[in-house]
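The following pair of complexes shares a single chain, subunit A, combined with subunit B in the former and subunit C in the latter.
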Partner chain A sequence: MPAEVRFDLLWPEFLVAGLAFAIFTLDFFLRPERKNILGWISAIGLLYIIAFTIPFLNDESESLFGGLYRVDDYALFFKVLSMAIGGAVILGSIHYVGKYLTHPGEYYAIILLSVLAMMMMAASGELLTAYLSLELLSFCLYILSGFALHDRKSSEASVKYILLGAFSSGLLLYGIVLMYGAMGTTNFAEMAAFLDGHGEINGRLLIGLTLLVTGLGFKMAAVPFHMWAPDVYEGAPMPITAYIAVGSKVAAFALVLRLFAEGLLPAIDQWNILIAGMAAVTMLFGNVVALAQTNIKRMLAYSSVGQVGFLLMGVASLSTLSSNGLMVHLVGYSATNLAVFFAIIAFYNYTGKEEISDFAGLASRSPFLAAAITISLFSLAGLPFLAGFVTKFYLFSAAAAEDLLWLAGVAMVASLISLYYYLKVARQMYISPATEGEDSTIKVPALLYGLVGVMVIIVILIGLYPEPLVNLIEDATAVILPGGDASALSLR
Partner chain B sequence: MNGLESVLLFSLVVTPFLGAAVLAFFPADNHKLIHWYTRIIAASGLAIAAYLFITFDTGDSLNKYIVDFDWLPSLGIRFTLGLSGITVPLVLLNAIIFFGGVLISWNVDHRPKDFFVWLMLLVAGVYGVFASRDLFFLFFFYELAVVPMYLLVGVWGSSTDFGTFLRTKEYGAMKVMLVLVAGSVLVWIAILAMWVEAREITGIADFGMAGLSQVEFSEGFQKTYYPFLMIGFGILAGLWPFHTWSPDGHVAAPTAVSMLHAGVLMKLGAFGILAVGMVLLPDGARFWAPLLIGLGTVNVIYGAISAMGQKDLKYIIGYSSVSHMGYVLMGLGALDTLAVDGAVLQMFSHGIMTALFFAMVGVIYQRTHIRDITILAGLGKKMGITGVFLAVAGLTSLGLPGFSSFVAEIMIFIGTYRTYPVVGVLAVVGAAITAVYILRMLGAVFFGPIDENKWKDLTDANKTETGVAALLTGFLLLWGLYPFRIVEIIDSGVVPIMERLGS
Partner chain C sequence: MELYHVELLSAALFAIGIYGVLARRNSVLILISIELMLNAVNINAVAYSAFLDPGRLVGQVITIFVITVAAAEVGLAMAIILRLYRTMSTANADEADSMKW
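What follows is the complex of A and B.
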């Protein structure tokens, strides 16, 4: 361990934090009608920081502060991904914020702070650092989901989110305490060494682990800890819904994957059935309940609960291959969900409506939006040509390779169920005619047009040729699961 | 990729994809341009498929015209295309029906651009399934062939009024899509199981069919997972009791889609049972063959009896497809070289025949907006050409010598009789029932008194439609009168499979 801390490795974090405070400050000096420029500055700033961060990807692994904080390809991959998601959400917000929200300065700056939190979650090498990063993210999201001050639903969403979030933080902390009590450490690597030495998990450790999983389950909305998700998704401002659906999941899984791979892998036989069961219940419940939704945001909320089930499958079958699968699916899911949400934001900005039945006749009102939504929903359902097909195939294969073929089968059935409600939306857009008086052509601003277009292109590119993405991800997972060769027999 | 044929095969699969992608950027209101563009794409596909078929060398039994790219090495996925004696005729079948379907769609004027984009994706998926030598891509194309159905049926289809209830096109579209994707879930499970098992046996992750066919799966494994493939693919082939999507879907679909669906898509299912199930899991295939042949027999009889009770022209043909696919499944289940040869020829022959049926029913429906045979009568006086071609399809359907179905069915009957005499006899009974409903339908629609006032302005099939019908009829006669070449080609693909199965 190097004696001095290499602060130069933390430049991306410093820059994002600096950008956030710069936005807070700039906000004072701008007249209200010019504050839109803050969104542009934040997004372009993030773009520069991404360009600055990418050269750090060089297979080097550094532990800072005695293992509290990691700078390696895995963390860097998620840092870049978090910043890209944050930047995209900021760009997608600009028109929405101008139309529906007040206080743009705080809005963008808080998003930037939450990006910082996401970056730190991926880099945490220890439970308390992870907890602090997670809380930073949660606090940002509590504020953001209540940002529509005039809207009671938004406030309700925020309060609900805060109460359940605080409760789950309590569980999480208590879990960490019990695990510390049992193992004498909160460092992932030392936890693995302890488990390697002892093999069996004792009762105290098991309770601690269960509480930890429960707390994390709340944060990522796994069944049965998902109750906040639909209300928050529905009440929060739409770009924030997109951000919660995508960003918070990416960050939560970045943390969970590192925790389980680096810290808890030696005891996999004792926790994998717990996670596998949670995955099965989550994917079935999320997708079945989504069938009955009439509001597009609630439908997407339950659909993303279902997606969490798929992602948990990657944790339950933890191996190099399934970590790759989980991350590939996470990237594909992010691009796809952002495409759907941006298209829906464009629709909402023009019409102010968000019921599924309001999408009737969209194919003639805006062929572009209809095609984009259909493509993304088909990708979520896992139909070929699109990211969802390849990423699900990868993830399900990886799970099957770890003796979880039954879980892969459940996941396929869950995907089949999801197809039904995605098709219902396609049916509204393509088959049902537009309602009288609401058949005007929808104007999509160039910015949203471009964003949706880029996301759809990413979805198609991943679907057609995922190899470059998979290569990047293999480098990243090689850090948390060293020695694993994905193409050989499974290694644990 | 080496050799002209490989390049041609690759372009055959890729052209409809690129064609669809390019078409998406065409101006939506220039209908003429869109129609001609699609016709050229379809015609070029037909030319390539015909060339590959004619020059096919039956000398060695391996897959030919291999195209092979690395795609995702960490899972062992390669993009591999190749043709065998079984797939060459089926690729040709797809090309013929696509070409015919595009021509018969001359009257599609509701959003024709979207229609042809989806139609091309469907066709691309079908080419891909027949040509893929890698299970991932086979599955990829298989799903791709199913997906466009939803919008094709939902937007351009037609609803059927049964008096007491209405079968809407949305219902048909949703049913087709969900049932077929449910089938693909079963296939997917089996594919993953084989991949995992092979990875454990050989230590290599590989989705390639060439590699997997070398793996010695244990007998228990094969018996467990063959039913997944048999039922999963069987659903698409209209296997009883999972066939109910087929009549509903075919009826709701627009003409070109019915032609492709009954003509080619159902063959994907039977092809999957043969080329994936029986090739990769031979022990399982032997063990479950009695079930397959039993269900196939039920298909033949049940489909034929159901067709007898229908009044709607498209439902009659829909159930007749179920019945005829029964012969294919029966032939496959017999595990006899002659019967399997016959089954593949029946796939081709039934594909052409049912496309001709749907094309002619489409002609009638487009002019009369009626498909109820109790109302239609005496149309033969006004629609002579349509009547002749519908009769040709009908006579092929009931197995009249001179048409290709006779050759195919006699091979299946003899082959099946050798192994299961009772089934052979039942199959002939099915053919007899077919004669009843076909002749009843022809009689009701084309003969008898015509309502002169109502059908004053009724016109016959136009030149395009007649051309399509003549093209299809030509193939029925060609293989009916000169089956030797196609049977030789099919045989070169079937024999290696049968040798592996040990019969």
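What follows is the complex of A and C.
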């Protein structure tokens, strides 16, 4: 253990936490009608912290507190991504909060705290630290999903989320403790050394691993542990739905990828079938059930359950290639989902409706929103020239290269199914005429216009020119899988 | 006393907790069952630390953190259940069914 802990490397975390508490405090001093400014302060503050963090932590590689907390390029990548997602969601909520929610100060500050939790999840190098940051994130999301105080659905969503979330943390913790009992350590690196050394896999370890995967499966909404997702997505305020769909998935996969790559890779034969099976069921179930949905938020909930299946495929075939694929897909998925959700938020702010049939005639009411939704849904389905195609291509070919050709095949079928229900939305917008009395032009505020535009541009940019992103991601995965392909292949 | 005695106790407590979560209708009782699961975790953590890893305090540290997080979780969950009760006049998890499929 190093004699001196370099606390200065934690500046980004300190700054985000400080920003959150500054917002809590400022909230006391502002008159209610001026509280919108808190959203702007949080978003601009996050932007400054990103600009500070990138040069500050670039190429740092340090283990703090004896390996509990890592500061490296992998953590840096996810820290910047989390802050960007948090900032975008905050900007996207400003109009929504002004119109539908009370207590804006708490709202923005809790989002900032959850960004902090996401940053810690990507950096934790030990199971208990990982669990604590995961709980911080979950607590913030429980509160946020119940934030529409007088909405029945919102309270109901929040209760379902916290009961199932607490249950899943129980399973996760029991798994963590059993693994501690089996291996005598909770540190990822020491776990890998243990598994490499004796290779003694006993019942305690297997049960622990299963419970750990179950608990994490709950958190990222993989089938059969997805039951909370559709209800929470439908009941939560819309920007929070976007945040749960994007932010919590990014953070959960940041944690899962580091845990499996740094800690459990030597035992890959024990868990890859488990994860691969879960991935196959998840992608098929999510996409098939999405076919039957009439509420756009519920449809996107099942669609994101399906996307979790694709992402799990990258974990099941863990190697440098597939973790690159997973991270590329994660970035593409985030940008695309944020584009859809921002467009839907703009629509909801004006109309207050969220059924798919309400989108009829959107092409004439607001050609911009209709085009943005169509482009991003096509990207989710994986049509060429958009982010979804490139990222799915990376991910599927990685799985195929790692002997999981059947899983890549299942993923192709699931993608095809998903195209059907995405096209149903596009058909409503472009072919069905608007209902009588509801055909006024939709006014989109400049802020949401800009956000949707930026996200769509990112989606198209990743689709046409992914190399800079892929290079960044290759640097990041080199940290968690230092041996590269050679070590991953030699395990087989 | 052997390690497996404690492990059995903890597993039994954990199983009772899971049964409670699945069988109870009232949200507060579900929450209490979750507390049982977390206490099973605590017993296990201390037992492993004492029997298998006596030089270090990893298990005890896990226990302290779990107790703290569980307390925070109960506070938050009770507040949210109270909110459900105010809007829907029920705290039963199976009556909160305005969203399905």
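The working rule: the second predicted complex is superposed on the first by the 479 of 492 C-alpha atoms of A that agree within 3 Å, B and C clash if a C-alpha of one lies under 4 Å from a C-alpha of the other, contacts with A are read in each partner's own complex, and residues count from 1 in each chain.
The definition used in the following text is that a contact is a pair of C-beta atoms (placed from the backbone, for glycine too) under 8 Å apart; a residue touches a chain by one contact, two chains touch by 3 or more.
Computed from a prediction, not measured in an experiment: that's the story for all the values here.
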{"item": "Partner chain in contact with A:G388 - subunit B first, subunit C second, else both or neither", "value": "neither"}
{"item": "Touched partner set for A:P239, first subunit B, second subunit C, both or neither", "value": "neither"}
{"item": "Touched partner set for A:L321, first subunit B, second subunit C, both or neither", "value": "first"}
{"item": "Which of subunit B and subunit C A:E467 touches, first, second, both or neither", "value": "first"}
{"item": "Which superposed partner A:G309 touches (first subunit B, second subunit C, both, neither)", "value": "neither"}
{"item": "Subunit B contact footprint on subunit A (complex, rising order)", "value": "321, 324, 378, 383-385, 389-390, 393-394, 396-397, 400-401, 405, 408-409, 412-413, 415-416, 419-420, 423, 426-427, 430-431, 465-467, 470, 474, 486-489"}
{"item": "Of all residues in subunit C, those that touch subunit A in their complex", "value": "14, 17, 21, 27, 30-31, 34, 37-38, 40-41, 44-45, 48, 52-53, 58-59, 61-62, 65-66, 69, 72-73, 76-77, 80-81, 83-84, 86-88, 93, 96, 98-99, 101"}
{"item": "Residue numbers on subunit B that touch subunit A, as the complex places them", "value": "70-76, 136, 139-141, 143-144, 147, 150-151, 154-155, 170, 173-174, 177-178, 181-182, 185, 188-189, 192-193, 195-196, 199-200, 203-205"}
{"item": "Interface residues, subunit A side, partner subunit C - complex", "value": "128, 131-132, 135, 139, 142-143, 146, 149-153, 155-160, 162-163, 166-167, 169-171, 173-174, 176-178, 180-181, 184-186, 230-231, 234-235, 289, 292"}
